[in-house]
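Look at the two complexes coming up: subunit A is in both, with subunit B in one and subunit C in the other.
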Partner chain A sequence: MSLNVVDRRRINGPQRSVEPVYTTKVVDPFASGRLDERALDQVRPIFIKTGPLDAQSLSAAAPSGSAYYEQGKIRVSCAIYGPRQGRKSDARMGSFDCDFKYAPFSCSWKRSHIKTSDEKEIALMLEHSIAPAIRLETYPKASIDAFVTVIESDGKAATIAAAINCISAALADAGIELYDSVAACSMALHGEQW
Partner chain B sequence: MSTEIASPVVVTPGRRLGVAQEYEAGTGTYVRNGVIYSSILGTRVISTSDEGSDDAKTTVSVERSNTKFAIPVIGSEILGRVVRMNPRAASVAIMMVGSTPCQEDFQGVVRVQDIRATEKDLVQMIESFRPGDIIRAEVISLGDQRSYYLATVKNEHGVVFAQSTDGNSMVPISWEEMQDPKTLVVEKRKCAKTF
Partner chain C sequence: MTMEIDEAPQKVGIAARIVTPGTAITNDPAFMRGHGTFSEHDTIYSSVAGVVERINKLVSVRPLKQRYSGEIGDIIVGRITEVASKRWRVDVNSRQDGVLLLSSINLPGGIQRRKSESDELQMRTFFAEGDLVFAEVQSYFADGALSLHTRSIQYGKLRNGTLVTAFPQLVPRSRSHFHTLPCGVDVVLGVNGYIWVSKHVSASKVEANAELIYSDKNEPISDDEREVIARVANCIQLLNRLYVKITDTSIIFAYEASLAHSVKDLLTNDVAVELAHNVMARLEQQA
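So, the complex of A and B:
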């Protein structure tokens, strides 16, 4: 968010925010290859819980399925609405729409409340990854909508992979017809090794 | 008469359940290259119908314990509420398909020529439905971009619940009339034959 535009509808925090420093230990990222001292072939530990957004906790219409996904420091939650009346209304196939948003407190700098082009691009990426796994021909004229919120982020690629896994869990919780669940993982080339 | 012949197993989408030669694919499954896979998260159920006869079929299906939401399909029976009306068509909010609820109301429309089977040109919309009535109808077409097309032509389709202008629930007295039991006023509706 540019420093000239002030959000007048909300009580604003400081324009610039810095993450508090918890440790005095200095880590050299180029020495071990990872910032969090994991082995190169070690995945962050995973926790998944489906159905956290049930009817009792919401005043508006409850989602058909939801999931909460944690992987190390990454926390993502997803709600699935549908199958419901679609706006595109194709008579042969349903449509899958994905909405992706970083919570303003999720990254180490304050994120905007308004969706940026970055988040829209990631939403398209999620749509293209998940849509082929859904049996959309069993939902003609209907739309399945996924709303992903990143509560805490830890690296862009790893967070996107976590979002994909979270959407898969939420779709299974919603009872949407799938060909298979979609799993994702992020990798990096370190020297000669993946 | 069907019996279960294997203990329930929890399966995830994409799990192989069997080959199409040995089993029939039931609900919650799909077939690809002669192999039956699960399409939802649920418990695998293997059941045999018509035991002992030549037509005995062993079906493998996946059942889900939570509510599964439905979408209108051609030929399915729906329950909906009349939302808006004009002399040519009535807008219906589709709330249930068969006995399964919809996650959000779908939009449907009953055109004046699809209300009755006979004397279609003499049908008056105002004598068939009123806004607020609950109707049972059949989906006859996927319709246009916004609405499904519905019909109340069959005897068992039509108004199942309506309130009179005084606010009391009305009782059907014939296929085209309903009566308020308190004020005894008769109002015209296309009633569903519920018995």
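So, the complex of A and C:
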């Protein structure tokens, strides 16, 4: 994704922007717990709310299910559309499609409005992790679409895990048949310790 | 932090409890599994988030939200999405689009008229994409899609009004789904959650104009009539927001209570809550 592409429909900010650095002292991330003062084996506190995108007015375009997920600084929102008429009219199983997008203001540098290959790769990852949990054989010819938007991100792996949890909550809110809800978390190996 | 493993499923005593997908409900072989469940190795698990219901030997889980799934005889309102060969595809707020066959509609000029080739070639003169149709579910196709028909003078194309979308579970099945309210407005309660509110047109007028059943032209509607239609539509909306069953009685109660407010105030939260409680109180009183 070239940094030189200029979007003519919008007032463009600077081509390259980085978060200002506030501290001058150098911190060793693993010296005394993590940067945000969590213990090494502690997860960020979780908040989930289902149904934030339910129809508020006359609109027939509301999603079947939705969820808002917060984990520490990570904020993710997911909308589920479906089960609705699928594109293939001869499919014996339903199809599950995932769409993943970072909001331009979600990371510590400005992201482009256009979907990058990074976001497409993460969308595939989400599809592969969630689709096995859905009882797609009970939805022939139907398609279930999940749209994930990252409102604030805090580490790529942790954000992907948060997205998976958010989609699970939204699927349960939509009343879609599942074998189980999918839970995810990210881990790192530091020396000998996970 | 230790994780607690799910408790072993109880043999009996399936009290009404809230479950999430993957929760084991029972491993007693006497029970049959119903909607919202699946079984693996003799254990019945829940597949949705909802409440466990047990009727005799049948265990099912009722989710908090459910897509409309049609039953034969349901009266519904749908929107034409596609014109295909000798059929129309209709959005009925369900998992799949419903199908309205050319042989299932009333051809203008009398029911006895035979379907001709020219009818197949000018299907858009009957229903075009975007039209709203009032139909009944006749049967299912092999893949579960609903087959609709409009073979009665009361069914057909909808005009002179506005569509309100509600939760399908709030529209109970009853003997009649077409109501004329005392305020002079017709309401069509589709069991799939699509509700049509329109200007009242007398039945005799409809029958007199048998050739105009597929006309796209609205009657002239005065400003006062439009205001009444908008008021009824907003009343249905607030009943939907506060999860009150939508019947002709509850709409009439809501309409009467709403006269104290202006039409657009009915969309605000405070007024909606007040009116909904009013309606619920009157409905309880009546019961």
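Following the convention adopted for this analysis, the second predicted complex is superposed on the first by the 175 of 194 C-alpha atoms of A that agree within 3 Å, B and C clash if a C-alpha of one lies under 4 Å from a C-alpha of the other, contacts with A are read in each partner's own complex, and residues count from 1 in each chain.
Here is the rule we go by: contacts are C-beta pairs under 8 Å (C-beta built on N, C-alpha and C of every residue); 3 or more make two chains touch, one makes a residue touch a chain.
From a predicted model like this one, the values you see are computed outputs, not experimental measurements.
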Subunit B and subunit C placed together on subunit A: clash or fit? clash
Task = Considering only touches as defined above, state whether A:Leu53 meets subunit B (first), subunit C (second), both or neither.
result = neither
Going by the contact rule set out at the top, does A:Tyr81 touch subunit B (first), subunit C (second), both, or neither?
first
If we overlay the two complexes on their shared chain A, which of subunit B and subunit C does A:Ala162 touch? Say first, second, both or neither. neither
*asked:* Looking at A:Ala123 after the superposition, I want to know if it touches subunit B, subunit C, both of them or none. Which is it: first, second, both, neither?
replied: neither
Subunit B and subunit C footprints on subunit A meet at residues 64, 82-85, 133, 135, 139-142, 172-173, 175-181
Per the touch rule above, subunit A residues touching subunit B in the complex are 61, 64, 81-85, 89, 91, 133, 135, 139-142, 172-173, 175-181
Note: in the complex, subunit A contacts subunit C through residues 41, 55-60, 64-65, 82-85, 133, 135, 139-142, 172-181
The answer for subunit B against subunit A in the complex is residues 12-14, 28, 30, 32, 37, 39-42, 64, 66-69, 71, 102-107, 142, 145-146, 148
Within the complex, subunit A is touched by subunit C residues 1, 20-22, 36, 38, 45, 47-50, 63-67, 81, 89, 91, 93, 95-97, 143-145, 163-165, 194, 233, 237, 241, 267
